[in-house]
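Quick one: this structure, given as structure tokens, is what I'll be asking you about.
We just call them A, B and C in the order they show up, numbering each chain from 1.
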Amino acid sequence: MIDATLYYNPRKLLLVADLAGTLLFGIEGATAAVNGNLDFLGLMVLAFATALAGGIFRDLLIGAVPPASLRDWRYPATAFVGGALVFFLDHFLRKIPVPVMIDLDAMALALFAVAGTEKALDYKLNPFIAALLGTVTAVGGGTVRDIFLAQVPRVLNVDIYATAALAGAAVVVACRKLKFPPVWSAVLGGSVCFLLRVVAVWQHWSLPKVGSP
Amino acid sequence: MIDATLYYNPRKLLLVADLAGTLLFGIEGATAAVNGNLDFLGLMVLAFATALAGGIFRDLLIGAVPPASLRDWRYPATAFVGGALVFFLDHFLRKIPVPVMIDLDAMALALFAVAGTEKALDYKLNPFIAALLGTVTAVGGGTVRDIFLAQVPRVLNVDIYATAALAGAAVVVACRKLKFPPVWSAVLGGSVCFLLRVVAVWQHWSLPKVGSP
Amino acid sequence: MIDATLYYNPRKLLLVADLAGTLLFGIEGATAAVNGNLDFLGLMVLAFATALAGGIFRDLLIGAVPPASLRDWRYPATAFVGGALVFFLDHFLRKIPVPVMIDLDAMALALFAVAGTEKALDYKLNPFIAALLGTVTAVGGGTVRDIFLAQVPRVLNVDIYATAALAGAAVVVACRKLKFPPVWSAVLGGSVCFLLRVVAVWQHWSLPKVGSP
């Protein structure tokens, strides 16, 4: 009975979600660094930034300083493990089929969007703002990664990506308003984000542009 | 009598100035996104960032967290209204003559420089630093917008722009030192910034560069 | 006897180290602005950002707001002095031999890495995190400078640079753990950073990349 309560504890949920997403985003950041011809340190910086910049930015904005990922050494350590995996196993990781990588990325996106929204709500932010901060948590790392690589952040013009994070965050906020248990909110919000992202890639959905037919 | 005091209330001034400037800068950010071929979400992100990043950065630096624009949903909502205007009325907005856009932009610049300086002074920062923070408030959004578009921020090498903001901010600081009423400080500082910017564009003034004759 | 204690006062050490490094990094930032064809204001912004962004970022992350460099006008003033030196004496400064500039830069890097690590430790951060923050203090300014210039930050793929800062920061952390007096920690950590950087340039050391032979 005592253990069961842990599953319903939002803080515990946050930690597990954050660490899993951190490893995945760390791997993606390091892979981008390899593609950008950066050295070992650049690879580690991009693993760190891609994995943690979104959450750090969220924590700075809600006033949770030092940010969770700097108070708890497991976050940077997990990101660096992701970087090391890429450094030593890059050839192996590149054999992972693209659809699998897209699924994993969509999963990390969903985890970060949910965790970020939950934390902003815990800090009593307005639900509208909390959904925005959940989205920032999810896409902030990739944005910083692309800025470091001197590129327009892919999140600004690629398919349904931040949009999926925003949709998932909005579902979490709505479920909380309706007094759903935290686990339900998280699972529902995460599923919406994940499915929207994966279906959008599969169906080649994209958002309209001004001037497009 | 009671209502009249509102006009002299610096907080009230800050709110009105911030919201007006937020709409204008949101429109400009969204227009830049259209020019950069971004999709609907990229457009909204650039509207948000251009309108609010300067103030968010100022608030992070003075320790006012969560930043005003995340505590009050009217700020992001106003920025998104600016983005939506561009999305649905881009053809119409492009018919606005360039001189009018320059005047509107100079007005938003002046509003943000004044509001940013006032807030930094309210937080008891050193007058020299307060003027710098007023300038950051005014030009921070445009800087983030240009970084997102992978360009050198225009504020760093275009005409008299940040310089006008700095001049306006310095006037606000000086007026406060001389115990002028807040409204006077704001009007004087804003006018200096606005006029300096508009005259600089009209007269093709620019700052010297090293090595230029 | 009373004065002697000042030499062992970590806060005093921090101030002197920070101001010396601020001037040096301000000069480097302004020089990069001249090379990027920016005007006088862009030059001053890059002097400011290169000199102070690392420390500002560290202070935001550890919750020391307003950041030291905005609470004390001597920091921005020193950075602006560096910018003015470049503006008025650029031709003279360019006659400084490259090896001298590399030594000066390595010195500023070492000063910032040590000062940043000391401050993070003073704020009771985990030693692992404190070493990361010392590195951020040392290389953050140059990173922001390069982002402003729309370039991939040189720190991500140039020789042994952030690596030297990290090594120096790690030595400071280790010395503190071993209860060395603060001056010893600072001198040892700074020397390791400085020597590693200078020897790396001299010997053309670089970090491995994925796929390099």
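Keep in mind that, in the parts below, contacts are C-beta pairs under 8 Å (C-beta built on N, C-alpha and C of every residue); 3 or more make two chains touch, one makes a residue touch a chain.
This structure is a prediction, so every number in the text was calculated from the model and none was measured.
A.B. asks: Between subunit B and subunit A, is it the same set of residue numbers doing the touching on each side, over half shared, or a different set?
C.D. replies: Interface between subunit A and subunit B is built from largely different residues.
A.B. asks: If subunit A and subunit C share one sequence, what is the angle of the rotation that overlays their CA atoms, in steps of 5 degrees?
C.D. replies: 120
A.B. asks: Nearest whole angstrom, what separates the Cα centre of subunit A from the Cα centre of subunit B?
C.D. replies: About 31 Å separates the centre of subunit A from that of subunit B.
A.B. asks: Note the residues in subunit A that touch 2 or more other chains, in rising order.
C.D. replies: 60, 147, 150
A.B. asks: Per the contact definition, I'd like the list of subunit B residues that touch subunit A in the complex.
C.D. replies: 33-34, 36-43, 45-46, 56, 60, 65-67, 70-71, 73, 76-77, 86-87, 90, 147-150
A.B. asks: Over in the complex, which subunit C residues touch subunit A? Could you list them?
C.D. replies: The contact residues of subunit C facing subunit A are 60-63, 123, 125-126, 128-129, 132-133, 143, 147, 150-153, 155-157, 162-163, 166, 206-211.
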